[in-house]
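Two complexes come next, and they have one chain in common, subunit A, joined by subunit B in the first and subunit C in the second.
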Partner chain A sequence: MAKVLDIKDLYVSFDTYAGEVQAVRGVSYSVDEGEVLAVVGESGCGKSVTAQTIMKLNPMPPARIKSGSLTLGDIDIINTPEDDMQKIRGKEVSMIFQDPMTCLNPTMKVGKQIVEAIVHHQRLSKEEAHAKAIEMLEKVQIPNAEERANQYPHEFSGGMRQRAMIAMALSCNPKLLIADEPTTALDVTIQAQIIDLLANIRDELNTAIVLITHDLGVVASLADKIAVMYAGKVVETGSADDIFYNASHPYTVALLNSLPKHDTNKSDKLQSIPGTPPDLLDPPKGCAFASRCEKCMKICRHKQPPVFKLNDGHEAACWLLHKDCPKEGGKS
Partner chain B sequence: MAEDKVLLKIDNLSKHFRVSGGILKAVNGVSLEIKEGETLGLVGESGCGKSTLGRVVMGIYEPTEGHIIYDGQEVQIKKSKDRLAYAKHAQMIFQDPYASLNPRMTVESIIAEGMEIHGLYTPEKRKERVHELLELVGLNKEHANRFPHEFSGGQRQRIGIARALAIEPEFLVCDEPISALDVSIQSQVINLLIDLQKKLGLTYLFIAHDLDIVRYISDRIAVMYLGHLVELGTSDEIYSHSMHPYSEALLSAVPIPDPKLEKEKKRIILSGDVPSPIDLPAGCPFAGRCRYATDKCREEKPALKEVKPGHFVACHYPIQKD
Partner chain C sequence: MAKYIIKRLFYAFLTILVLLALTFVMMHMLPGDPFSTGKAMDEGTKQALRAYYGLDKPLLEQFIIYVRNAMVGDLGQSIKYSRPVMQIIMESFPVSFQLGMLSLIFAVIAGVALGAVAAIRRGRAADTVAMTLSVIGVSIPSFIVAALLQYFCALKLNQLTGTQIFAVTGWGNFNQMILPALALSFSSLATVSRLMRTSMLDVLSSDYIKTAKAKGLSEKAILWKHAIRNAIMPVVTVLGPIAAAVLTGGFVVENVFSIPGMGKFFVLAIKENDYTLIAGTTLFYGAFLILAVLVVDILYGIIDPRIKLASEKE
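Let's turn to the complex of A and B:
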């Protein structure tokens, strides 16, 4: 399968009054055609910043790409000037956001907003573009698409707005769709509808999807591959099964254990991760998770762990996986 | 742990709001009992009236109809004196730990404010009590002189909990206390709430939309849809033998964090959206989206009936599964 997106060793920082916030510190991941990659992590771990860098949506300054490479198909995104980015956004890669209400223009009819995206990238007449917009709305299962296209966003419910956003994002057949917390603002029953829709899009259009979320349930239902991020770094990547059943990084393990299982009783305590993530203004010298890690060793505080390969596609950055590491790790 | 003494009784409670399009019926004829020392989970989608119900129970809104009986006495909130007396027993924890703490007050004055209002303790004793409370919720007394912006989301939620506990209430309404927090922090706050319940013998009304967390923390669960109570039962009953088609669909929609189970699971996808609470359907509120609905459902509103001991359902055709 063809690689749609390939990020290698990306560093992104923000220059603020307080100093340089190192939001992304050496992130690498890739997505193939028709594949869903879920990027999981807590708020502030850099998952959204990485995704926004794919489309160069971060205002620069204050943001700054320090080093690394980012290729979309055969386009080198980092060295693409802004004028050319305009042609790439929406056509090669598009994005759907968490809150559909703030992303749709409230003063413009929904159909017209989709038409706008279509005519920007394709040579189509007004009528053709309008017909295409309605076809897209039908594709995302909006009932009475023709009528709905003439309505304003406030006349849509939350789930319908998210569908309209997806229709707009897909209107120019992008190779890659970035979904940044697409279901976080929605109710579970509506969330189920959107998950279903995204799975259909992947199967029918073979679109690659980068799904950014903190909800591990959503991840389990959609993802083929998972990248777990912590404090600006990818700490573990692997197939969905690798991560859910053979998690190797203590952070991934702790994250999975902190969820109540179907058979957890109230008398069993939920496992929690003590402490809070580090401040990225001054990231720790060693492993960023060391101060919250149960199995922290001496070396973890001094030296950043390299990435260890566990099997084909499953990698984790943790000293515990070093061949000379004692079985039990450090203090437990 | 659930004793049989009823602490709070809600009797046929309704809350309607006058809005420009008519009357918004947020809560309609809800009756339920909360026993001393238990956690009652209240779940439903946004707009189902769960937060409104929580606020009516707290005495923030006056009910349009119906009564709230707390510890054998009807709750009066018309006079501010009565409202204050009730607040001594019932306190609330809010969803957004950023918006619910005054950014211009120190942690100490935030926590001590309730004690001042209720005239509890001398000023020196209050300070001591603030330190005690901070330690109780897992912070320390050095935090007392700081401002809310110096804390992370999880820590702020702890401050909110300390504030709620300051005047020693017996009953806490927790309105989505963990929705704004990250997963690893959520479990810290949940563990804290459970610890406090054991230590202080608190009773919780726990409002949330995260169904896994609700199942974990609650003894009993009430499911609401469009302002109506549709199902009420013990947490295990609701999760393994839900009888209302809405509860069934709601539970099946929750994605399980396990790819294999997730693939095997049959998900019931509800079509359409929740109808407007301004223009309520005549029959069962769920009839328009229910896959079992018949003409009877569209015409006649089902009453809440006890189908099994302790398990109540408002449906003409409750699902019977073994």
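Let's turn to the complex of A and C:
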């Protein structure tokens, strides 16, 4: 299958007064047509920065792409000038954001905001674009779409706004949809609806989706592939099964252990990962997770682990997977 | 909507009544009366004059008579000028209104532009220049700005070029209006530009601007279609108070440029204890400003769809 997105060894830094914050330190992942890739990790691990770099939405400066390659279909994003980016954003790749309450312009009718995206990328008259906008609103299951298109965002509920955002994002049939924590700000019941909607879109339109989240529950139902990020690096990638049943990186294991289980007693404490992520102003020389890792070895503190291939599509960056590592220190 | 406006007009009427009552009490508390200034006259003549203007009646009765007359548009005779107060207002107000509106329009357009540019070029030269200008604008009183403009832009420039670009004094032609309007608008312009800058910075960092960018819109389209309209809201809220400041502050500038506006009557009436003129001009300014605030409130509801005027909910 054709690769829609291919990121190789991407480095992104922010130049701040305090110094260079190395937010993304060599990230690689790829997404095929009609595939859902979930990018998982805690706050500040660089998952959003990576995603926004795909669309060059990070303000530059302070952000700066240091090295690496990023191709969208056959477009080399890193070397595309801003003028051409305006033709790519919204057409080849779209994005929906975390908080639907603040993502729509409060003084513009919802329909008009969608029409704006359509007219910008397609040669359609105002009427045709309006009809298309209503069609998109219907596609994301907004009832009375015609009437709703004439309303302002404040007349929509949170879930409806996120649907409207999705309608807007899909209005120009992008090959790739980036969903940056699309359910974090929503009620649990609404979350499920949005996840179902995204699954439908993938099945019907064959749109590839990069789903950024820190909610593994969301991931389980939707993702074909998962990339686990920590401190600006991808520490493990694999199919959903690989990650959930055969996690190989201690961080992935710790992340899964901190999920509440069906059989967790009320009296049991929820598991957490002790410590904090490293300061990306001055990232550690060795493995970034070493200081929080239960199985940390001497080498972990001195040398960054290479990526070990476990099976086709399943990779992890951890010294425990080295062939010389004593096996009792291995999988938990 | 109509119900809302009627309700507001009713409240406006009450406000004006209170304003008038306070003015009445305060001006009668001032030492002396209209006939104790100027030429000396004997007690008998004073008594006769007081009786003629109805000033010998109890205060409450005077007030009631005044309100009753004012309702049909009769604001009485000015004691000093011996002309109907209404006539004085109708002659001088249009001039003050023109001056006020001109400077208000200038303050809003230039202030919004300056603030927006400062926000877009935040931290760069344009921002520094705009904000320095606004600090100067807030700190220098309008009569100094007026005098400086008059000296350099009218007097000196005319001498230098030999042609009269801006008139030194007077009112009527456009070249007589520019300098006074500029002088009067200076401090409002500064307020508006600071407000606009803050609000624009706020809007530019908001999520929906990111959404607009993610749609592929150009920087220009984002600014004009998404940012400015949202950023202008706080400016609209201060339009009422600014209109008040510009209108009542006009006196000083009118004085410097010898403009036959209403400011002169408004201020000098107090000095002269001209009771009817004080009450008349206060009533007129009060009514005008209350109306201005009402218009601003209605405008607000039109610009921001989230604000529904009270009666529309019912």
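Throughout what follows, the second predicted complex is superposed on the first by the 324 of 332 C-alpha atoms of A that agree within 3 Å, B and C clash if a C-alpha of one lies under 4 Å from a C-alpha of the other, contacts with A are read in each partner's own complex, and residues count from 1 in each chain.
Operating definition for what follows: contacts are C-beta pairs under 8 Å (C-beta built on N, C-alpha and C of every residue); 3 or more make two chains touch, one makes a residue touch a chain.
Bear in mind the structure is a predicted one, so any value in this text is a computation, not a measurement.
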item: When subunit B and subunit C are modelled together on subunit A, clash or fit; value: fit
item: Touching partner for A:E116 - first (subunit B), second (subunit C), both, neither; value: second
item: Partner chain in contact with A:N105 - subunit B first, subunit C second, else both or neither; value: second
item: Centroid geometry (CA): angle subunit B/subunit A/subunit C, rounded to a multiple of 10 degrees; value: 70
item: Superposition-derived comparison: subunit B or subunit C, residues of subunit A touched; value: B
item: First, second, both or neither for A:G90, with subunit B first and subunit C second; value: second
item: Partner chain in contact with A:Q271 - subunit B first, subunit C second, else both or neither; value: first
item: Which superposed partner A:R161 touches (first subunit B, second subunit C, both, neither); value: neither
item: First (subunit B), second (subunit C), both or neither touched by A:H314; value: neither
item: Nearest Cα pair across subunit B and subunit C, whole Å; value: 7
item: Common interface positions of subunit A, toward subunit B and toward subunit C; value: none
item: Residue ranges of subunit C in contact with subunit A within the complex; value: 206-208, 210-218, 221, 225-226, 229-230, 303-306
item: Sites on subunit A touched by subunit C in the complex; value: 55, 57, 85-91, 94-95, 97, 99, 102-108, 116-117, 120-121, 152, 154, 165, 168-169
item: Subunit B to subunit A touching residues, read off their complex; value: 45-46, 152, 154-155, 182-188, 190-191, 194, 209, 211-213, 215-217, 219, 239, 249-250, 252-262, 267, 269-270, 273
item: Residues on subunit A engaged by subunit B in the complex (per definition of touch); value: 42-43, 157, 159-160, 187-193, 195-196, 214-221, 223, 240-241, 244, 254-256, 258-260, 262, 264, 266, 269-274, 276
